[in-house]
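Next up: some structures, all given as structure tokens.
Across the two complexes that follow, chain A remains constant while its partner is chain B and subsequently chain C.
Entry: the complex of A and B
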């Protein structure tokens, strides 16, 4: 039997991309700006969301989709800190969220009552970058304590981010963080994304991030 | 790290394409994978075999063949194209910063070898 070659040229994750597009339409039908927050474990994803919730308390109704391998500590925390609604996704071992998981979460979220939705991805700088969720913005949170080499080691997420947050800036003197190296490698990958240096612990620099985020909100 | 999830999506693409092309059996699948897709070839093959092990799939026994792509930058100073070396994105020739040309995050199916 003779074999033949069939040309394909298709993205392996095309089905995920289609589901992401449906999610995006659902967000937009409700005038909701969706933000995919990606970082390594402990960089401060939840802390940034909590700070943002407090700053936007009387300015926007914010929902949160929490992605974790297990547990719902973060969902309880954001609800205590002023999230209008929050839904937990437990991936049961998967190291990233997929568009289908977010679609299921959306059926449990009061989208029509919201202005912004944070999707807090599983703590990981590699896998989540491949999976579109329907977000309008991808935000990468790095922290000074992790070191200045993160853009060189994990270029994909820094190249794809619409904004980069450098958290724990209050620790910068203690951890030998080379700011110039971090910025140079970030700019090689991504010349345009704004960089917000801030501390979720002290609140330093948070306002500039919140102001930028407010300016990204969908009209109508 | 994420090869199981990628293998599941890959198998769906392969089975759909095989069906659309009236193929009885898939012998091999040619993939284009960027270095920053962080796909381990052996692990992806392992999960692909695992997912098709029970039979009934046209892709059972198919070999995955990989074409790898590397990240590429262009030096803003001397204009040469280069892959990053060591722990810097700067040009290895003149040491100046470069601009990203290709992130190498591809995850694509290029072609299938099928019977008949």
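Entry: the complex of A and C
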């Protein structure tokens, strides 16, 4: 890359960080915990949000910002499943959400009526890692069906996540998944983040994730 | 984006297209069919290449260029499974391969001894779509475990693929996959590309894919 390209990219990221800071202040002014959910396409981001919505039905008011290249399937789904409010962002080809997109979504979300907001990023294990959105927590969702080598191949997101969810463990015996390899390579990158092995399909393991999430909520 | 940013990006893409054209000439000078394999992380790009290597063991000499953010697990695997030659590209954080990276890899690959080259792109359904590498065919691999909504959410890659592989159909009954929805949304984007439903794990359906691929080979 030329020096000019690098400068332009740095300016874009600096603008993004400023917008992310504004978003974070808006969340905190309303006592809302914001969670950036990052995963490959089809790892189960929406399914995890739906399971969490159900588990928190009478315990927390949850909003969802849905990021997709195209379509609004997920927004319809989370509204049907108990989200108090939801906004779709279509990036129109962009491979990640940016803070400015989230800021626009926030203008359509009743933050003062919410306790938690999930920001479901575009399905992509790489690019979303570099763009702060104003979140308090970054959660990486991996799927057992994707194989055990994901931390080795996509180290950045596993290194920076505040918690890692390994979804679809109901399939684990059917897909030659080496659990020890996955855990060891995750721990080499990120010694501390809790790992939740669960199945959004069967519900197995979901409660431990929900309990942990509840404990992260902002006070006041 | 500002006008200057757009200009810089256009210049980068134009440079890429020139390098892709050079790569394509190098492939054709050696009678090599080049295949750009694009998929989400863990959809089964490497598994498809390994199955194809085995099926073509005494029928074609196959080289592989492996693109990953980090690691060289896949290069070791394809060499063990019968690749005539293989080169690892680590993008160091970059979310897609670019033609210049492939050009460098080609300098380490004995093209004159090969009939086919697979270029396994970085696991990402979005960004690789925009970067020509010099390939003759673009193949999208989706996994039944990822769900049936991938064409709706990631339309560009499904629209531009020369063939679509739906892998992991051995799991299809276990993951609430709506085959009619997948097929209809794929066909709305891409009426003609063949769809190969297969399982790299069990081998089911692999032969039809291999037969089609053989028929695409360059003459001479």
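Please note the rule applied: the second predicted complex is superposed on the first by the 208 of 220 C-alpha atoms of A that agree within 3 Å, B and C clash if a C-alpha of one lies under 4 Å from a C-alpha of the other, contacts with A are read in each partner's own complex, and residues count from 1 in each chain.
One rule holds for everything that comes next: contacts are C-beta pairs under 8 Å (C-beta built on N, C-alpha and C of every residue); 3 or more make two chains touch, one makes a residue touch a chain.
Computed from a predicted structure; not experimentally measured.
Give one of first, second, both or neither to describe whether A:175 is in contact with chain B, with chain C, with both, or with none.
After superposition on chain A, A:175 lies in contact with chain C alone.
Quick check on the superposed pair: does A:8 touch chain B, chain C, both, or neither? Answer first, second, both or neither.
A:8: touches chain B and chain C.
Could you look at A:155 and tell me whether it touches chain B, chain C, both or neither (first, second, both, neither)?
Touch status of A:155: both partners.
Once the shared chain is lined up, is A:188 touching chain B (first), chain C (second), both, or neither of them?
Touch status of A:188: first partner only.
Tell me the contact category for A:16 with respect to chain B and chain C: first, second, both or neither.
first
In the superposed arrangement, which partner chain does A:98 touch: chain B (first), chain C (second), both, or neither?
The answer is first: A:98 touches chain B but not chain C.
Contacts for A:24 in the overlay, against chain B (first) and chain C (second): which applies, first, second, both or neither?
Touch partners of A:24: none, neither chain B nor chain C.
Taking the superposition on A as described, I'd like to know which of chain B and chain C A:126 touches: first, second, both or neither.
A:126 contacts both chain B and chain C.
Between chain B (first) and chain C (second), which, if any, makes contact with A:45: first, second, both or neither?
After superposing on A, A:45 lies clear of both chain B and chain C.
Overlap of the chain B and chain C footprints on chain A, residue-wise?
4-5, 8, 12, 95, 124, 126-127, 149, 152, 155-156
In their complex, what parts of chain A are in touch with chain B?
Its residues touching chain B are 1-16, 94-96, 98, 124, 126-127, 129-130, 149, 152, 155-156, 159-160, 184-185, 187-191.
Would you pull the chain C residues touching chain A in the complex into a rising list?
Interface residues on the chain C side: 1, 4-5, 8, 12, 40-43, 68-71, 73, 93, 95, 122-127, 143, 145-147, 149-150, 152-156, 168, 170-171, 174-176, 201.
Looking at the complex, which residues from chain B come into contact with chain A?
Per the touch definition, chain B meets chain A at residues 1-2, 5-6, 9-10, 12-13, 17-18, 21, 23, 27, 31, 36-38, 71, 73, 84, 87-90, 97-100, 103, 105, 107-116.
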